[in-house]
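Here it is: the structure, laid out below.
Naming follows writing order (A, B, C, D and E), and every chain is counted from residue 1.
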Amino acid sequence: MKRQSWGIALAVAAGGLIVGTTQVTTTGASSPGATVTLTVGLQQDLDTPNVTAGYLVASYELWNLQYATLTDKAANDFATIPGLAESWTASNDGLTYTYTLRDGLKWSDDQPLTAEDVAWTINTSRDQVWLNHSAVTANLTAVALDDRTVEITSAVPDPKLPTMDVYILPKHIWEEPAAGDVTTYEALDGVGSGPFTLKEWKPGQEWTMEANPNYWQGVAAIDQVVFRLYTDGGAMAAALENGEIDAAHNLPAELFVEMSKHVPSPDLRDGEQGIVTVAGEQGGFTELAMNGMAGGLGDGHPALLDIDVRHAVALAINRDELFERVALGIGTQRDTLGVSPNTEWNPEIPADQQLNYDPAKANELLDNGGYLDTDGDGVREMPDGSRSLTFRYAERSESTQAEGIRELVTGWLAEVGIATEVSVYDDTQLTDIIASGEYDMFVWGWTPFVDPDTLLSYFKCDQVTTDVANPLYNDANWCSPEYDALYAEQNQELDHARRVEIVHEMLTLFHNESTYVVLYHDAETQAYRTDRFEGWLRQPADIGPVLFSNSSPTYYNLKPLAGGTGDDSGDSSTAMTILLIAGGVAVLAAAGFVVIRSRSRRDERD
Amino acid sequence: MSVLELRDLHITYRTEGGDVPAVRGVNLTLERGDTVGLAGESGCGKSTIAAAVLRLLPKGTNVSGQVLLEGEDVYAMKPGRLRAVRWTSAAIVFQGALHSLNPVRRVGHQIAEAIRLHAPHGSAAHHTDARVGELLERVGLPAERAQHYPHQLSGGQRQRVLIALALACEPKLLIADEPTTALDVMVQAQVLALLEELQRDHGLSLLFITHDLSVLTHTCEKLAVMYAGRIVEQGPSQTVFNSPEHPYTRALAASFPTIGDPASRMNPRGLAGDPPDPSALPSGCPFHIRCDVATPECTTLDVALRDVVSPGAAPGRSAACVHVGVARV
Amino acid sequence: MRAGFVIRKCIGAISTLAFVVVFNFFLFRIVNRDPVNSMFRGRNLKPEKLAELRRKFNLDGSKWDQFVAYLRQLLHGDLGYSLKGFRPVATVIGETLWPTVLLVGTSTFLAMIGITIGYRAGWRRGSKFDTTATSLSMLTYSMPEFWIGMVFLGLFSAKLGWFPVGGLEDPGSHATGLTKWLDQLHHMLLPATVLGLAYVGEYMIVARSAMIETLNEDYLQLARAKGMRDDEVRRRHAVPNARLPVVSLSAINFGFIFGGAIAVESIFSWPGIGQATYLAVRGPDLPMLQGLFLLISAGVILANLVADVLYGKLDPRVAGR
Amino acid sequence: MSESVVELTNVRVQFDGGRVHAVDTVSLQVGRGEVVALVGESGCGKTTLIRSIIGLEPLAHGSISVLGESVGGRRGLRALRRRVQMIFQDPSGALNPRHSIYEAVAEGLRIHKVKGHEPTLVAEALSNAGLRPPHRYLRRFPHELSGGQRQRVLIAAAMALQPALLLADEPVASLDASIRGEILALMRSFVDLHGVSIIAVTHDLGLAWNIADRVAVMYLGRIVEVGPTEEVLRVPKHPYTQALLSVVPEVEGLPQQILTGETPDPSRIPSGCRFHPRCPLVASGEADRLGFGDRCRGVDLELEPEVGVHRVACHAVTFAAGATPTTNASGTATAG
Amino acid sequence: MSVEADLPLASPRSIRWSRRRASLAETGRRIRKDRLAVIALLVLIGFVLLAIITPWITDRADFNAINTGNNPTNQPPNGDYLLGTDRYGRSVALQLMWGARVSLFVGFVATVLTIVIGVLIGLAAGFFGGWIDALLMRITDWFLVIPFLPTAIVLAAVLERSLWTVVLVIGITSWPSSARLVRSQVLSVRERLYVDRARALGAGRLHIVGRHILPNVTPLILASATLAVPISILTETTLSFLGLGDPTSISWGGMLDQAQQSSAVTAGHWWYYLPPGIAIMLVVLAFTIFGRALEEVLDPRLRAR
């Protein structure tokens, strides 16, 4: 799990990242034999194609397509299904799994893909602490029993197994870089086992992936995918509407809403069917966090130690209005954390425990707690009168929604007599401030992995930072032994139903403590054109995104529409020609004018 | 045919503050080989005349009367003809040699430019270069100076370059507008000597404009003294300087003391008051407020230039004062 | 002493560069930040790995040690690593350099049309041409370049669809030769026009006042007296003198255009230095920003040096003695 | 002979770290009520010399004393600058365009805290300088006055402090010829009425003839001839003075002797007699014929020792007089 | 000549005052002749007045998002909302008015900072000369050459986001040109003959600086300050647009940033990004026109022409 801005493979964060859209421009989908190209617009470039070093959302999409995993995730519900491994067996103690690879697996460069590749990837990533592998492989040991059999042993009981969604890398390519500093490897080799492999990267502009002829499920129906970078979301939306791109990821919310209204678009060109918008949930959410001050670091406001104050804060916030006005209703309102894109982990909070907008009750709680406005300045004071209920409120400069949230939240808090002092930080600064504990409340968010364990682990007592130089993950500085006990239990519970139950209990507990006021669950704003391709898949079904989902099954599933036009390059080049001619004429005319004028003027002054 | 003839020339500048009459009815004739000095205080209109001859006045300046260069009215010329006449019929040695030369062009280039502008088409470049060298040597500078930029030359050298430049197209008339004002005495003497020599050798007509009456007396045969846009006295220079008729000329001449003359020893003389503001001239004779012999009629009567007919007066003298001329007969 | 003049100017430029290096280093250490900590939260990285990363970003040791290390790196042409995926800053800059050179070059060229206009306007001070040109220049000068970009993008790309909404070339284009050239031209026209428009006014105004400065010079009067045509006087005598202030201001303006490119490139998704800066600012990717700043400064310092030397060439008085 | 107001002894002024010898060993004495004209071409050091008297240029060598007190050091500077006043060549530049005439005249009074009713003092000063009635001028600004009036304002401001010595740097060079006489007459009247002494720097020999008691001719930082005006201008002894006089149009009868070459450059002083490269005697071979040509080229010399009131620094003169050529002796001129 | 001027022996004070009045009147007269400058000045006065009275005639709370829940969002201009509303239903017109306060405030304060630094350094360099001059000018050259906007951006990116940071950043990056200007003016005034005369009169340094140099440099400083304000405003705008301004206060640049963030351009919400842009343009244009007119009147070098 990670902060929203550093999305990881499975989840994609929205937050304040400059994300892009996808754009699909094809050249000649209609003519047989021509390359079928899907163009996707997005607002974020790759950081690096090197899977051991990158961490941006865009890069995960690349790896999802380029590297197959032992087990796949079902498109509709994330169920673990066979991937490179066609089957697996578990040992009795549940610590060891033996996977059997499919027959005849080949890398895109025609080298055979063997169990040795798998074992090498798992063991090396564990030893070298690769960024995107080590969370899964930290406790694993893999042994290649033969070309098609690999045995993986976990040092601790792990409910996540047998799911093995780690990118398997081609040993013959990576062995050499891994012998040195693997993170400096450029990884432009484009050798993989997934449906598409990297063909070319033009940093700052786009990257192109081409269909892998050796993909184990067979070669994809589209020949290549171009990921096109737009720094400006509006420009990306315009490109989608103009047909320059086929799909867009992370559209600006306003334009997304606007587009949603116009389905099908009234100004379609011939043969176009329209633009479909998709608000894809990933389990990510935005929260207002309050400093619980466990661990003794920092200088949080003492009033926040009082659960009544935290409840009052939660009750003062009209989350429904916030969701409608700031998130524009894109996403879902949920009472507590999302710990997985899979909604089965979300608990139902009993009605009597819900903390819905009720300023009267908030006032009552505060009044009863002795937090009264004794000096009549509209702001309550502590019961002992020592200081006022003025909270430092931190937000991220990267977030486009921060302003709306701030205006509303601070406004509502003021209405129950709680003052705020707003500061704006970039992510790096805010992280440092949170680590130092010198804050009262902040707004940020998380996006979870499919398995809830990681996000749940962040709120354990041992994740409270006590050393500024080595920040841990419990950013609310909240500690509950009860929660910790439940965590330990689910962590090794191999019975899925039971594990879900425990997680529900943990989340309800967390909700009731009101350390986080979960404002809303975000959704990816995506849109695609329906005139050239069909087969768009949402993951998970009905609520998830079509692109940048956990395993991004859409691309392989897409088929070009017969008779679909979309080769608009003719259009634009005609326009360009006209334009150039017009420009040329204008330049000539201007030059002529200048010459004539200067002729006629020559003698004026004499 | 006269080389230059000014006929009833009036020049009025148009400024934001209203019209400023700078020249008010000047008649002047230069025959071939004549050297005429034009003297007067600042603001009397003498430099305006220099600019007027080649039609170099600012746009919008009102000119009436005629300027005849070899019989042809400069103000009736078509632009092409005007350009052809400039520098070939008359050339000017401007005042302030530092500013009259383009600082970013080699001086040789600037001379050559004038030659090329008026050369028949197709004349070879090396002819021009040779001619530039020749001209520079003519004014006492080594030919290599052509390669120098103005700032690399001294004031006197620059003035020589300007003279060479003026000679480039062998004009019949040379107008020297305060050519020595900024120079040191000795250099001034050098330049004056050079001008005299050139005038003699080339049979040039010379219109010499300066405020320094004593310089003119030595350099020019004829002298015209201007006051407030008008010539107030005219005649052979020695007689004008030594026995002026007009009270203004008399005062002006007296302010150049003759060294060795006991009359001026410990007795500086000059003229009270300041030169008149051309935009607000006094009524009558504009000089009357500074004049020590003014009479009541001077405040209303502005006498035109007329011949001095007093007995013993040198021929060709004229003055514009009620006290001279007819009155003395 | 021409050589002496050039050497003097070079020393000046080098000292400025040295200042920029020092300024650049300490500027980014004003705030105590540990990007590594915040960047890799949630990764369960071992402390050894974090320490290794810190070393990589030159964040360990005292400030002085860091500075020495920084200098050593610089001498090897190493600008450090971007926080984005450990890519060497120098590599990233290398990739973004060409599009910016293209864009800034084109728009500078466009903006320099203002010089010609300015000369003419100044020459005919007060004429209708002058009034029109000056008014328009003041107008474009007063508009923030990115705002012009927003308006143009909204009008010509989003609404009218005449131009692509951004990028260097068509998506997935592998065109070569003329097609590629035309494609890039088509993409560049809008941002280059915006950037050019934003600065054309400044060039025009500077050129105009430089021309007006020369208007009353006596050598123009002399040139006219020589029998030169009016436009020749302008071209051969007025312009060479009016060029001097324009040259030195062009160099300074070059820095401004670079600045303007940051916002404009980001609006038009132009994959150049400007967009990289924008992304680095929003990141924030401090090592990247540091490298970019150094590069841009070096570019502008170089431009100034060229202008200085050119100035010496154009005006013999400057380098003459 | 009256007591001396200012006494310069072997004054040397250098610029550019000693590369340029603007003034090179000059001695001069000016008596009370005496007017001395310092003549020479531009660059000969005459302006530098008077600026050094008022402490605007530091001395490299030698000493200056005014009314018996030596100049130099910051202490006495202010007092000195009351006793010595200066007027400048360009009256427009010497008046702050933003200060009214009143302030221009009052400035010195204020600096020196002159006792008395300031407006009265100012009005009197203006009146004395011929600006009458004074109150018509008080509120005016320099640009509203003519050049002559401005120079009168400067003179009024200087004289308001009742100085003993007036230094005039080309006081009429920038004025119209017709105005010059009036200004010179005004200056002379101050000498006659108030007994002020004047050192007037000029390139205009006519000015010297008009008002000066004595003339000192400078060439390349050194006085080459000094003496009573009538003698020096009527019977110049130094070839340079002779040449200078010959080219002045106001002088009748002298055959013109135009020196070749440019105004001398004080950073490159020739060896021997500093005038020898331009000296007509040397150029014509006359000096060699008479046998002192080598001396002209090789031996530097200063003014003759005090053998008379009219003194010269020329090998021809000393040779003719049979006197031993002086090389290092430094004579002091006596006031006439 | 006025009767008053003829009064004999007026007191020095009255002379000084009448002189000041006269020069002020003269400046005013010259400016008044420039019709464009007068219009520019009126525009400026209009904006400043608007900025001043805004808190009296409008309520900041009216466009606090918390109070705009019932307003229509993204409405084009209409009877209720003269310039329409933004994505949170806030009146663009109100934002524009309050934004004027911030933009002008930053423009003025940053300019004051710029000028103060510039004048101190320029005065010191010009007056003391020698090594102080050489050192200060070397530093000035450094700052002059390093590109202004990138420097400002980098500084603002490193420092915390607030209005004062923006002010500081503009001050730090834009002082060199005013320092150079002041220095050159000081040098030129110092060489004037009247300064020589003052020294010859016995004036001390303080007297010369106070009576001659400063009064002659001040008008130029004033003119260049007027010309520096629009640059400060543009810089603030750019920084805000790049997200480096103070997000908690609304400035015109911040509005443009907001417009950009909410995709107003591509969504066709022209009323959101045109008004602040036009306001910036008007103010900058007015300042520039007025500044240039002022410069022409106050700068003797330009006036001479």
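Here is the rule we go by: contacts are C-beta pairs under 8 Å (C-beta built on N, C-alpha and C of every residue); 3 or more make two chains touch, one makes a residue touch a chain.
These numbers come from a predicted model, not from an experiment.
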{"item": "Shortest path length from chain A to chain D (each step joins two touching chains)", "value": "2"}
{"item": "Any chain that touches chain E and chain A", "value": "C"}
{"item": "Chain pair with more C-beta contacts, B-C versus A-C", "value": "A-C"}
{"item": "Chain whose Cα centroid lies at the greatest distance from that of chain D", "value": "A"}
{"item": "Most widely separated chain from chain B, with each centre as the mean of CA atoms", "value": "A"}
{"item": "Inter-chain centre distance, chain B versus chain E - centres from mean C-alpha coordinates, in Å", "value": "51"}
{"item": "Whole-Å separation of chain centres (CA-atom averages), chain C against chain D", "value": "57"}
{"item": "Inter-chain centre distance, chain B versus chain D - centres from mean C-alpha coordinates, in Å", "value": "32"}
{"item": "Residue numbers of chain D (touch at least two other chains)", "value": "none"}
{"item": "Where chain C touches two or more other chains at once, by residue number", "value": "31, 153, 158, 165, 224, 229, 267, 278, 282, 284, 286"}
{"item": "Junction residues of chain B - those touching two or more other chains", "value": "82-83"}
{"item": "Chain C - residues contacting chain E, complex", "value": "12-13, 15-16, 19-20, 23, 27-28, 30-31, 138-139, 141-144, 146-147, 150-151, 153-154, 158-159, 165, 212, 216, 252, 255-256, 258-260, 262-263, 267, 277-278, 281-282, 284, 286, 289-290, 292-293, 296-297, 300-301, 304"}
{"item": "Interfacial residue positions of chain C with respect to chain A in the complex", "value": "31, 33-35, 37-50, 82, 84-87, 92, 95-96, 99, 153, 157-158, 161-162, 164-172, 182-183, 185-186, 189, 224, 229-231, 265-269, 271-272, 275-276, 278-279, 282-284, 286"}
{"item": "In the complex with chain E, residue positions of chain D that touch it", "value": "54, 56, 77-78, 80-82, 85-86, 88, 90, 93-100, 102-103, 106-108, 111-112, 118-120, 123, 133, 135-136, 138-139, 141, 154, 157, 161"}
{"item": "Complex contacts: residues of chain E adjacent to chain A", "value": "64-67, 69, 73-74, 87-89, 160-161, 243, 246-248, 258, 260-267"}
{"item": "Contact set on chain A toward chain E in their complex", "value": "232-235, 237-238, 252-255, 258, 321, 325-326, 328, 395, 397, 400, 402-404, 406-408, 411-412, 415, 422-425, 429"}
